[in-house]
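Should a chain be cited, it is by its letter among A, B, C and D, assigned in written order, with residues numbered from 1 in that chain.
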Amino acid sequence: MLRHIAGRVGQAIVTTFGVLTLVFFLMRLSGDPTLLLVPQGASAHQIAILRHQLGFDRPLIVQYVAYLRQLLQGNLGMSLVQRMPVASILGSRIPYTTELAAGSLVVAVGIGIPAGVAMAVWRGSLLERSLAALVFAGQSMPTFWSGILMILLFGVVLGWLPTSGVAGLPSLIMPSIALGALSMASFARMTRIAVLDELSRDYVAAARARGLSLGAAVVRHVARNAAIPVVTVAALEIGNLLAGAVIVETVFAWPGIGQLAIQAIAARDFLVVQAIVLFVSFVFIVMNLLADVVYAVIDPRIRLSS
Amino acid sequence: MGIMKTAFLAAAITTIGIAGLIGAPAPALAAPKTKLTVDLPNDVATMDPQLQWDTDSYSVYRNIFDNLVTRNTSGKIVGQVASSWHYKSPTEIVFTIRNDIRFQDGSKLTPADVVYSVERITNPAFKSPQLSQFDEITSAAVTGPNEVTLTTKSPYPVLLAQLVKLSIVPKAYIEKVGNTQFNLHPIGSGPYKLADWQHGVRSVLTATPGYWGGKPPFEKVVFRVVPQDATRVADLRAGVADIVRQITPDDAKSLQSDHAVKVLAVPTERVGYLFVNAQWGPTKDVRVRRAIAMAIDRKGLISALLGGYAKPVNVVLTPASFGYPTGIKPWPYDPQKAAALIKAAGAEGARLPFLTSPAYPQNIIQAIQQMLDQVGLKVVIHQMDQASYLRDRQGTPQEAGSLAFGLWSCACQDADGTIWPLFHTGSIWSKYSNLAFDKAVDAARSTLDAKARMADYHTAFEILHRDVPGVGLYQADAIYGARDQLQWTPTPNEAFFIMDMKWK
Amino acid sequence: MNGRFTPGIAAILGLLAIYVFVAVLAPWIVPHNPLRQILLLRLRPPLTYSPSAGWFLLGTDDVGRDLLSRVVDGARASLMVGALSVSVSLLSGTVFGLLAGWFRGWIAIVVMRIVDIVLSIPAILLAVLTVAVLGPSFANLILVLGLTRWPRYTRVAYAQTLQVATLPYIRAAEMAGARAPRILLRHILPNIAGPLMVVATTEFGLMILFEAGLSFLGLGIQPPYPSWGSIMSEGQNYVASAWWMTVFPGICLFGVVLCVNLLGDWLRDRLDPRAQSR
Amino acid sequence: MSVALQVSDLRLAIGGVNVVDGIAFSVAPGEVMALVGESGCGKSLTAQALLRLLPRQVRQTGGRILLEGEDITALPERRLRQIRGRRISMIFQEPQAALDPLSPVGAQVREASGLASVAAREAVRRMLAEVGIADPDRRIDQYPFELSGGMCQRVMIASALISRPAVLVADEPTTALDVTIQAQILDLLRRLAAERGTAIVLITHDMGVVADIAERVAVMYAGRIAEIGPTAAVFSRPRHPYTALLLAAIPRLADEPKSRLAVIEGSVPQPSEYGAGCRFVGRCPFADARCNAEPPPLLETDDGHFSACWHTERLA
């Protein structure tokens, strides 16, 4: 188990390094923030001076090595646009994204998993078809569209919920639904397949032959067995949620790292973008390791064999 | 698990904290208004006033800091930290500094702080993007008990207009805490001080007791970040916000039917213009450029798309700026003649790349495209993000496209800040070269004699009118929406002084 | 939902056919020129009639263009973006996956590591970044979407190829002297085409959503040409006053993506032995 | 003679075709009755029907199942749940697949006992001991993956018998096990049947197993019973050509228990290919016009020995 985890971490480090490198060069190829920073009337000479002072006239490879060196010392650097340590910028945004991701997971898991179980148990019924339509509807809407319409309906017309921004739990509801709807279908589909898979196994028939009802068999035996692939999906979906958060946070003016990422790319705030990508990779790794731990908790074959 | 738990906890605490801060939106009518809520489209980029001058940032920090000089509501430059000034020579200007100003930490504002502020922003090592606005200044020195003298390279007529943007920062405090801490926890001498700044969410200012300029009208001012136009308007209607910055002309029109709110609009020095590349492509031919000028129905654009919240301009400058010429008539709107000119130039069906970014009004750009297509051109819109737009627009004549829409403001209300960078030979914005024009604008930039400058600019604008390296379209309004009780007159330079506001 | 050909699936296929039909015939069936602006008739609600210009069944947009015509014409852009970008990513992703699965060793290590790298950058960020580098154009949009999504196919193609390559008849073909390209194309590709088609189907819906998302950020189809995403993005500021600009293209987009997703799910059930009834 | 289970005229249909077509048999307490046939003959469906646990697409279209005299064919699901595991229970072909991999085996045995915790644990422990599991105190908390296949089947048997049901349906209980283990499990079943008076319906395709354990045997072919009777009689004097061919196919080495039914020429007809007459007609050496036209009835040839063939006399 430990060796397995070490291997995973090693792989993840290689991946993260690759991600960082890719993003570093992509960002540098897209220009630099100097033009965005200077007042409109600045001359070419004045722009060149600022670019030099900011260090963007150095060869790319020099900038790259300097960045890596700084990173290895645990320093994410200073945002040249906001003139603040990148770590503190990120630190102020991460809680919001965490909040949003948690809210969306509640929506996605809370609807997706029961729907998936129901779809498997009542396979071929009208209920299955209706649930399928529901979860796929959630996945088939552009988040910004459903977001805008929700804002219009619940925020502007009905006035039940804050239109956007951060204002306690009520303001979390709409963004969570908009974002959670995306993952809901993945959870439902995976749960359905996993439960169907398990339902066809002999131990379910054996449990029923012992006098258990189908419901009791699902609760006592199927649920835990089916949970294993679903946990894998959950770990992957966290990544998808972070990607979806980019648009949702922009629509709802939610001050998380998704919104920050778009703003930072637009502003060519390189170090902030790189730090966000680093953070996302980190979350990926942690989630996958967490999934491994959950497997071990659920499955005695993993727990006891290590 | 630990990480998740901590994050959740942090999130929960944030949520509770925010819920407490926002409180009830609708205040009781009887109690005096103590808290003003403002919706801005963007967060403050930096609280350090010497790092940039974007509208959202200075809407906030300009209430924390006093500047050396400022503009009054009628647009005239008046003293703020300086009580008066005089030119000792064409390159030396002497300011008398008020001695009754204190910073928010209680320390006195001295001439040394003024000198420090100038030296800080002009020090290349500080990497201020604003350096270019002040790099004509060669030295700043304390020359008397309450006196500071600034020296410029050459006679520099726009100096005072540029100094409107110079905030005075506390030397001792910055030297103690450093630039990063100063940016996060700024201290100024203005009517408000920063109480809380949640990045991307809000900044909260509270009134400075005993402010030298009088009692601030509200105890507390909350600036919220609300990027969506529609949401700012909804907040205003719902009473969640008392005043919102930057609403669209369409929203302004729809707000007129709501009696609880009002629209505050003022013509600014911001000019909407169409750049026409005189050094590359079909528009190298002056006939094509003139045809473009004649193909655009500016009045139609303004009435249909800007809801009247703009005024047509005759040149690439607004009347709010020094140097706006009176006698020059624009090219008349005449699509037939334009089409004929294009035919004569053999440019029928010529492809004109039209650069733009999401920062500019899309409907105007598409309307211009149709107007130009109707006279026989083929305009192709290239929409890219702002950074790429600037890179291409400021690149070589080939990269800059044939056309580009721009909204120009030099924040100095002077022709020098507009047509010099836009059209002077060798400027990064200019894809045009005319030595007579260069001579006129160079002359206007190096004399303090207002009459002579006016004459120079008249000459310059006549040349531009003939050569059409750009088409002035309109003077844009700054449009604010406010609750009806708020008394305030917005200014052409888009200052956002809480001190000038009142609640009725 | 269980892999059989039901009336529901027939209805979905029929609806998709209508979409494609409308998209192909758009230039001939639009009631107005989708690019023609009438500034005096901007932001008119659905069912507006103008004596000079005729009916505007779905209203007009913010520069007075007929919304119905733009939505119909937008179907073309949206479906084209979906189809072309899926083709690009399907093709490149499959080639990499086949090669990695066939040759294994360091080629597989390198390819699959790149796959991991690309997949661990949130797709929309990668797309925004790449657009910033390449500059926006229709071709670049396709390229960007394709380049962002190919790893999905590579993963599937790789896993399937590994599996299929060990089958006896492949080994037999190999021993009989068939060369790698021939084996890959004639024997392995047909065997892994099913799962790839399932991925391609759901990706198609995703790409349409993706284009809309990029348009929302101002980086999609170039104006004045309409795509559903760009119409909605132009409409977002008028959502309170001119809801039709946001609602109608959104419904069209929702409809097609829903159909494609349901179709993909049906295909998956048909092809995935694990989900078959026992 | 008392009867634990009596099945009469059982018909099961998939999409309108009777895949089990009117079979009938009965089992006495303590008796082992084998249901033997090739795969697809309907023996497993019959087993599932006995517990009323048929797959959804299968419908019972006729017949009665009497469990200790009570007809369970019409009982509601709620009553059936009280019967399953208490009065009739089942064990499966792959014991490891029939146990939930994530639950301790003891818990799964207890599930069938319907007892509360403390008493249950002791009951489970005793039951495990009874099915021959050494060190039941340790095993009770172990997971299926920690147990061997034979041990798992013992656990299954324990869970099936802990409530002392009248009937145990054993669906190919030894097929997946090693030869030596197979014999042990069969011994165990025989012993328990005798000791507890449990009637066992043994589903198998293995004539060797039948010979080893069953007192009576029913040979199924294509959804019908071809021949039924005491094992000794059927083996010594088969009265149906199918049985005869099956027996002939057993390798001569008498103690070879792994004999399979695979060496008869031709193949079992698909349900869609069933004709009007005898279903073995395609593979039968005696087939004639009558066989093609009319299904042969199941007639008693000797005492307790029945066969469904128009040509029984030719096998005498």
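One rule holds in what follows: contacts are C-beta pairs under 8 Å (C-beta built on N, C-alpha and C of every residue); 3 or more make two chains touch, one makes a residue touch a chain.
Everything numeric in this text was worked out from a predicted model, so none of it was measured.
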Exercise for review: Give me the chains shared as neighbours by chain C and chain D.
Suggested key: A
Review point. More C-beta pairs touching across which pair, A-B or A-D?
Key: A-B
**Study point:** Per Cα centroids, the chain farthest from chain A
**Key:** D
Point to revise | Per-chain Cα centre nearest the global Cα centre, belonging to chain | key: A
Review point. Where the CA atoms of chain A average out and where those of chain B average out, how many Å apart are those spots?
Key: 37
Check your understanding: Rounded to the nearest whole Å, what is the centre-to-centre distance of chain A and chain D, using the mean of the C-alpha atoms as each centre?
Key -> 53
Practice item. Could you put a whole-Å number on the gap between the CA centroids of chain A and chain C? Key: 22
**Study point:** Cα-centroid distance, chain B relative to chain C, in whole angstrom
**Key:** 41
Practice item. Two or more other chains in contact with one residue: find those residues in chain B. Key: 228, 230, 234, 385, 387-388
Check your understanding: What are the residue numbers in chain C that touch two or more other chains?
Key -> 132, 217, 236, 239-240, 277
Check your understanding: Among the residues of chain D, which are close enough to touch at least two other chains?
Key -> none
Check your understanding: Can you name the residues of chain A that touch chain D in the complex?
Key -> 201-203, 205-213, 220-221, 224-225, 298-301, 304
Review point. Considering the complex alone, what residue numbers of chain A touch chain C?
Key: 11, 14-16, 18-19, 22-23, 26-27, 29-31, 119, 123-124, 128-129, 132-133, 136-137, 139-145, 148-149, 151-152, 156, 185, 189, 193, 196-197, 200, 239, 242-243, 246-247, 250-251, 258, 261-262, 265, 273, 276-277, 280-281, 284
Point to revise | chain C contact footprint on chain B (complex, rising order) | key: 228-230, 233-234, 248, 250-251, 254, 300-301, 304-305, 357-358, 362-363, 365-367, 369-370, 380-385, 387-388
Practice item. Mind listing the chain B positions that touch chain A in their complex? Key: 1, 3-4, 7-8, 10-11, 14-16, 18-19, 22, 45-46, 48, 51-53, 124-125, 127, 129-133, 135, 179-180, 183-184, 198-201, 224-228, 230-231, 234-235, 238, 240, 385-388, 390-391, 394, 408-412, 417-418, 420-421, 426-428
Check your understanding: How about chain C: which of its residues touch chain A in the complex?
Key -> 1-2, 8, 113-114, 116-118, 120-125, 128-130, 132-133, 205, 209, 212-213, 216-217, 229, 232-233, 236, 239-240, 243, 246-247, 250, 253-254, 257-258, 261-262, 265, 272, 274-275, 277-278
